[in-house]
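Below are two complexes that have subunit A in common, paired first with subunit B and then with subunit C.
Presenting the complex of A and B:
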């Protein structure tokens, strides 16, 4: 188990290194520079600024300088907001994104599992049909469209929900629904197919033959098996909520990592783009590792295979 | 001896997209205390379905449509249940009967144990459920059962998962679970089919030993007449959802009446034969139970088939107290018993 985790951490670090390199190359190949839109057009001023930020050096030197800083845990300083380091930006913005992501995750898990279990167990055809229709819509309709529709309905017409910022519990409702809409649908489908598959297995018949009630069989024998694919989905789910927050945070003017990222790209704020990419990348890698370890805890057969 | 379980005119059907599959058609038999009953037939003959009907474990599309299942005089048949509360009472009753009164040993040890639960958890669950044992008591009893079925170092094995056991060991665990609540009747549904030949004999010997010790009756379902020969007092041959012949061991093996039984006996591999002797088989395939033939189910494969066989179900002929056969060939020779 420990060997497995160490191996995964090493692979994760290698992935991060490749990610850093690719983003660096892509960023440098984007047309335009960080100071193109500044009012000062004197080429000498720009030259001085570029020298101050090492932008006058050849690309490979810039890359090595960046790696040196990165290894020291220093993600650099924003070009646009002077004096603000990327590190401090992450510390300031992460809690907001996390709070929203956490709410959306709880909503996804609670509703996804409940709807999935209901549709796997119910004998009523109409209940199943409604859930299937909902799940299909949820998977195919993008979150930002839902966000627009909600803003139109609840803010423009009904005036009951605020759209800007994240200051009260009311502010959470629309963004977290927009974020969790498709994960709920996906989770519902996955739970339903996984649980109905498990309920057809021989060991369920055997468990019933030992005299356990239907409910006991579901709780004590079926759910743990059915949870397996869902646990492995949690890693990608968290990553999905983070990337989903790019759009949702921008739409609802929520001061989080996603919105900052989007504005950094439009402003060619290189250190911020790099820093946030690496941060999010590291987060996704850690979450995937955590969900794989969780899967090994649920399913003893995986532990054996990883030795 | 008193009758422990009596099945009367049992019919079980499955609804499927292409129609109703009549898997068990009007089957009656009984088993007495301490008896070992063998039910033999090929796949799809209705033997396993009859057992699942008794246990109330049919798949969702299966239904017992008529008949009685009397266990110690109590009717376990769900055929006449209508209201929701009747079904609820039936479920409650069956939960007390399964494992505690009737234990079931399943066919495939690889798929009948839950892969994500420890062996110990799976063994103690029924004990705690039926006897209200504490975790500690159940553990003690489970380890005792594991030792009884011949699992070495049961304390250590108790904490392991099914994938850490071999097929034979898993089947021993399934046997231990089925016997742990001291049931009066054990239903063994092809308990050796999925095992290596070398393990088969050991497992059969184990079932025999343990049930003799606990004085439980056994119903042994198999398609292997060899298994039946060594164990059973009474044998039923099923074909196409019906009983074609029933008798004791001597009658079935030395005086088979039904052409199907004869065919089965001919297709046993005899080690004394020359290497050149070809192994006999019964030509054709079992009847389509979506539209079972009106007459004898075996008519299409029978070399003695007559016109009457196709149109009318054969009457049951009684040869001795225990030996009966449903075939038109014997209609005039023995005493005719009516057959619905």
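Presenting the complex of A and C:
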């Protein structure tokens, strides 16, 4: 078990290292320096500026300095908004993104599990059909299009839901639905196939034969085993919600990491793009790690299978 | 050993008493009427038969065909170009002149949606095709060679897999600029890893089977065993993965264009069109309908085909 965790952590660290290197190389390969501007600047000023930011040093020294900064937790400073560091942005914006992400995650898990369990257990064909149709829509229709449709229906037409910001519970409804729409569909599909697979196993028949009630068998035996693939899905779910938040936060004008990232991209604010990429990347890596370890804890086959 | 009596003397007598015309020759085509066996089909003919039995899949294929036809012929039918502006006809409603109306610059939306189809389908299918090639070769080699090579190659895959592919695509877009090729490069850099993992696992199990051993004993080269035996035998899952890669690439492109880093003006993909229509949502909602409908029906069609293929290619469901 410890060996498995160590291996996962090592892969995580290697990933982070490669990500930071890629980010650095890409940043350096961009045409144009940060101090190029339309106004003609005195070459001496540029020289002083470059020295201040260590840009006069050769690339490998710059790379080491950059790694040192990262290790000290310093993600850089915005070009466009002077004096604002990426760290301060993260501190200011993360809580909002986290709140929305958590709501969307709870919605995804609760609805996904419920619908999946219902469609695996029900004997009514029409219930199953409705859930299948819903899951297909969820997999096919991108969340941002659903957001567009909802804005049109509930804000432009009916005027019942607000679209700007995240100040009351009403503000949460549309963004969290848009974010969790396709995760719910994936979760439903996965729960259904995993649970119906488990229900076909011999030990379920065995458990029924020992006289346990149907509900008991489903809760104590079937669901417990059907949960395994779903635990593994939590890592990808979190990274999906994060990348989904880029567009959802932009559409609903929610001041979070995602919106800041998109506006940095469209505004070509390179240090912010790079800093936030590393932050988001690190976050996703940690979440994947947690989800992998959780899966290994509940399923011994995983840690024994890949020694 | 005792012999079975075929007919008793009484029965023989009865048979002799029958006249000649109690018998008749059966026609040639009824000769095998008692023969019971499934029609002999090649693997792909069999898959095709099961695929076309699924109504939703056929429906998906028809929709896809219609989208492709519009992508090719649409601009010819409409007679407009994707960037031709007509400032006298801004935000026009759908009419015979402009089937889907015009946008805020007076550009024909029908033509733009058809060009969007070209972009989306090109990106979807070429990304899937490139991923298919890279993933199959990479995963095949990794699984076939095994040992330390496999370990190193798979660690690289793990590393690429750990970061959401959207992040890579965005980084590539920032560096290469917003156009169709950088979207393609971005999508391809990160999304072949799923295919590589799948092919590797298939090859790992298949290479231990007897037919691979037989090929080896017969003196087949490594390349021949890998590509003509192992990979051909894992074609089912590979095709399924391929069909789901197409909608996911289309989705990624639409998503990028929607947040403003994908295809840039005056070219327009469906994502760009949806993004353009967003500010006009309360005054001209009709402009949003077309790209949204186009994305949704294409995604539906591709998912239907993918689901159908999954079932048709799954030997367990035969």
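Please note the rule applied: the second predicted complex is superposed on the first by the 263 of 307 C-alpha atoms of A that agree within 3 Å, B and C clash if a C-alpha of one lies under 4 Å from a C-alpha of the other, contacts with A are read in each partner's own complex, and residues count from 1 in each chain.
One rule holds for everything that comes next: contacts are C-beta pairs under 8 Å (C-beta built on N, C-alpha and C of every residue); 3 or more make two chains touch, one makes a residue touch a chain.
Owing to the predicted nature of the structure, the values given are computational and were not obtained by experimental measurement.
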Fit or clash - subunit C, subunit B, common subunit A: fit
Touched partner set for A:2, first subunit B, second subunit C, both or neither: neither
Which superposed partner A:203 touches (first subunit B, second subunit C, both, neither): first
Contacts of A:18 with subunit B and subunit C, given as first, second, both or neither: second
Partner chain in contact with A:215 - subunit B first, subunit C second, else both or neither: neither
Which of subunit B and subunit C A:239 touches, first, second, both or neither: second
Partner chain(s) touched by A:300 [first = subunit B, second = subunit C, both, neither]: first
Superposition-derived comparison: subunit B or subunit C, residues of subunit A touched: C
Partner chain(s) touched by A:71 [first = subunit B, second = subunit C, both, neither]: neither
Partner chain in contact with A:158 - subunit B first, subunit C second, else both or neither: neither
Gap in Å between nearest CA atoms once subunit C and subunit B share a frame through chain A: 8
Residue ranges of subunit A in contact with subunit B within the complex: 201-203, 205-214, 216, 220-221, 224-225, 228, 298-301, 304
Subunit C-facing residues of subunit A, complex: 11-12, 14-15, 18-19, 22-23, 26, 29-30, 136, 139-142, 144-145, 148-149, 151-152, 156, 239-240, 242-243, 246-247, 250-251, 262, 265-266, 268, 270, 273, 277, 280-281, 284-285, 288
Touching residues (chain side subunit C, partner subunit A) in the complex: 155, 158-159, 162-164, 166-167, 170-171, 173-175, 247, 251, 254-255, 258-261, 274, 278, 281-282, 285, 288, 292, 295-296, 299-300, 302-304, 307
Subunit A-touching residues of subunit B, taken from the complex the two chains share: 55, 57, 91, 95-100, 103-104, 106, 108, 111-117, 125-126, 129-130, 161, 163, 174, 177-178, 181
